[in-house]
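Chain IDs A, B, C and D follow the sequence of writing; residue 1 opens each chain.
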Amino acid sequence: MPVLSLCTAIEQYVPDGCCAALEGFTHLIPFAAGHEIIRQRRRDLHLVRMTPDLVYDQMIGMGCASRLTFSWGGNPGVGSLHRLRDAVERGWPLPLALDEHTHAGMAAAYAAGAARLPFGVLRGYVGSDLPNVNPRIRSVRCPYTGESLATVPAINPDVTILHAQRADRAGNVALQGIVGAQREAALAAKALVVTVEEIVDRFPPMMNSVLLPHWVVSAVVLAPRGAWPSYAHGYYARDNAFYVRWDAIARDRDSFLAWMREHVLAGSVA
Amino acid sequence: MSRAAAAADWTREEMMTIAASRLLWNGCVCFVGIGLPGAACNLARLTHAPDLVLVYESGTLGTKPDVLPLSIGDGELATTAACVIPLPEVFAWYLQAGRIDVGFLGAAQIDPYGNLNSTVIGPYDAPTTRLPGAGGATEIAAHARRTYVLLKASPRSCVARLDFRTSGCDAGARSAGGRGPRAVITDFGVLTPDAARGELMLDALYPGATVEEARSCVAWPLAVAGTVRIIDPPRTEELAALRALQARTRAAHGATSAGGR
Amino acid sequence: MPVLSLCTAIEQYVPDGCCAALEGFTHLIPFAAGHEIIRQRRRDLHLVRMTPDLVYDQMIGMGCASRLTFSWGGNPGVGSLHRLRDAVERGWPLPLALDEHTHAGMAAAYAAGAARLPFGVLRGYVGSDLPNVNPRIRSVRCPYTGESLATVPAINPDVTILHAQRADRAGNVALQGIVGAQREAALAAKALVVTVEEIVDRFPPMMNSVLLPHWVVSAVVLAPRGAWPSYAHGYYARDNAFYVRWDAIARDRDSFLAWMREHVLAGSVA
Amino acid sequence: MSRAAAAADWTREEMMTIAASRLLWNGCVCFVGIGLPGAACNLARLTHAPDLVLVYESGTLGTKPDVLPLSIGDGELATTAACVIPLPEVFAWYLQAGRIDVGFLGAAQIDPYGNLNSTVIGPYDAPTTRLPGAGGATEIAAHARRTYVLLKASPRSCVARLDFRTSGCDAGARSAGGRGPRAVITDFGVLTPDAARGELMLDALYPGATVEEARSCVAWPLAVAGTVRIIDPPRTEELAALRALQARTRAAHGATSAGGR
């Protein structure tokens, strides 16, 4: 398991046209990796993420994505993702195809992916129009009770990118706090890149802690504050004020582009 | 018992939050979202229901936040949780398994049967407004033992026909055999489904609100219960607890974020 | 969530004829609870457990069970469970019907039970005769790829009994160390009884630790050393010598009955 | 390089364990059972493959036990593990997902194609001997990238036809497209499948073992490779490491438990 620079890791694991999941549920969102994808001007990505959040708003607004698999696309506690809306409502800068699910459906799809099963089963989508607009939501009949249950196709991204607090030299990765569907997304992927706050020589035995063992990790990248403006439990808090500010920045195409030029394309994040 | 606050002392949004909090009982297990539902659940916990159990979809079970989170996964929720579990387990083992007593829902649109839209305004493929989408709502509607809807009413939000059905709450759609939301808490009062057809009707008004106001906020011909209850105004300790919670929240998140929904 | 005596908990939650899962994978096996079931002379139980271990050898040998759902029935590292064998091979003291699975199948069945899905899916039982002897192992066709996958019916015991290190006064239960399929078995059950080494006033927030929240726990029983001769991490070690000794004790019906009379029916465990 | 131990210095069981350990490479991820496979994997870790990753079905990932466990879930495994995960995740996310390089299997019976029986001797419904059953074996055979069988050979264990097929290792049964075990390590030498039909044939003998001995241990007409290799005898450091491991194990488990299988 190599330690790579962020630039090299993205070059190597995120080619144009690939399916990439940058996961992290409010917590540990891999913003630094998303910004590097933008700087490398990736195109035609199939982005997967339960909650697109600001990082996908930025990638979509910069034209990196042609398809989005998701289950809730807002600015948490604030309102809309204006760049996502602009892409869906007006095709700017590019049209964006949607594979839309519920949280429960996405969770089942990641879990199926992690287990290398072709589909996940849930009592889901009941009474919803979502199956009418997403033909990949189907059903299966229980071989015992005869009842019909919803299915989702497994999600197996070409690459999953996570941010975590720590890795050790062997490449084991430790997460603490809210873990969302990160483990499932990590194990579902063909390659797993993890940006971390710190690399330490070795972990103590961690028993029941959340750990991704080195042999499922493709590359580790040292990226301190790499989850900002989301947060890394034990390192820094969520920048709630920035999430609020983003609403004004992203509402307008020009102010969005100006912010991205200054803070991302120039290479330094405010 | 403490006295009721004077009418001028409270806002409709405060009344809404307090009315919702009163629906919760000590020990009940609530699936909480952000915004008003979070405020209502935490208010209940800080007043009459100290052992109320808060479950957020971020996997934080039994949280006791001191301030309201801006997002559903704020660090405050993890730090004060009894434990933090993976999100897929929350949905499969707790919500789907029927281990949630009360779920709260919000939406951009509601129809006369309590079906909800939080997906799009306009056609799905060419929306005039793309909304955030389902998140946990579809399965909360289907699997929580009871659900309540919190929503500011207007002819744009209370519509005869949804643009898109995100959560189906009508008869037959719920695994628990329920009939959709037990109540819709609006900024004028409370709607509840009639026993016969599950159609929402005006059940109760806040002090100062009128049947006419309620009808003007709803785009379908709103049925009215034989006797419309008047909901008790906020009690001073409810109002004090809610305002202290909101003041702590503003202080914690900074002045700018207080502007967030 | 009440704290009950072991006697009351078994009286209340383990009636004759019920389906009971006493789980714990090598670690935290609820022996004290099993012994109380024997003392109360329960009959016609449907016992469920991945690895029957000594505790089920004892219950089966004392005639408590008429059916066993399991996936590996040996004395770990030692050899046979002689009482299980005697029941299967010679119907002593009673015939025992078997629902036999693999570990992967049992794990999927518990997980389905925890999620209140009627069945679990796995790539399992491939090339095995098990589906020929267990008609409950079936298959389902993937609605995306068309391939056939094995299914198992969900396991939803009437009661699951676990042993854990600690509970707090509210009834939250904390486990540490090897957890096997305990959480799944716990959440799959209609009632959950947990025997514990200790009851403490309250836990600190436990973040990513393994916790069963009080509102899924039906009753807590204080039973120090209740997992002996298996072990409770942090409290006492596995009594490997006893596992070896059991082979001789259980090989013969008379020596088995004598041991049970002396050590279990008399009420005190050596 | 160290010299080979003299022939009188080692037992066949030691040779078996050492032969199995040599099949493992540094960094490989092994799904380990108790008994001989555990000894072989830990020996490899203590000699030529220090970064070998041990996974036990009890959920202990990356364990580094100082002594061999008596059971698959001994405390020693948890204490020295990189982490401990729930058993369903081991089977779904690691084994089924193809994240295990090497799985070891044992059995009461093996047939000429490497199919295994650890369930019953005699009819399933009226067995003469009820064996422990499948445990993890069926899915290890199907999903580990390669499997090895360790088994003491005799005409009762190496049979033309199994009483019951617990693990199907023949062509077509494996999701990975493999053909059953890469090798069967017995107490006389090693069998490997022939390229054409996957039938096990005698590939290598331990020093001192003969083709006649091998044939006498196998109840089917055993094919013999054109050239039968002679396996290198134990090297002194292999033997020293294995014996030290076993001495530590005996001391830790007590004299009685050393008598266990």
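A few comments on the model shown:
Rule of thumb we're sticking to: contacts are C-beta pairs under 8 Å (C-beta built on N, C-alpha and C of every residue); 3 or more make two chains touch, one makes a residue touch a chain.
Everything numeric in this text was worked out from a predicted model, so none of it was measured.
Chains that touch both subunit B and subunit C are the following: A. Chain geometry summary: the mean Cα position of subunit B and that of subunit D are 58 Å apart.
Averaged C-alpha coordinates put the centre of subunit A at 41 Å from the centre of subunit D. Remark: subunit A and subunit B have CA centroids separated by 28 Å (rounded to whole angstrom).
Residues of subunit C found to touch two or more other chains are 115-117, 122-123, 177, 179, 207-210. Within subunit D, residues 78, 84, 92, 96 each touch two or more of the remaining chains. Chain-to-chain contact here is organised irregularly, matching neither a line nor a ring nor a star, and falling short of all pairs touching.
Put simply, subunit B touches subunit C in their complex at residues 27, 29, 51, 53, 61-62, 78-84, 92-93, 96-99. Per the touch definition, subunit C reaches subunit B in the complex via residues 114-117, 170, 172, 187, 203, 205-211, 213, 215-216. The residues of subunit D lying in touch with subunit C in their complex are 34-35, 57-60, 69-75, 77-78, 84, 86-88, 91-92, 95-96, 115, 119, 124-125, 127-139, 141-143, 164-170, 172-175, 253-254, 256-257, 259-261. In the complex of the two chains, the subunit C residues touching subunit D come out as 25-27, 50-51, 70-74, 76-81, 84-85, 88-89, 100-104, 107-108, 110-111, 122-130, 133, 177-184, 231, 233, 237-238, 240-241, 243-245.
Listing the residues of subunit A that touch subunit C in their complex gives 115-119, 121-123, 136, 138-145, 147, 149, 151, 153, 175-177, 179, 207-210.
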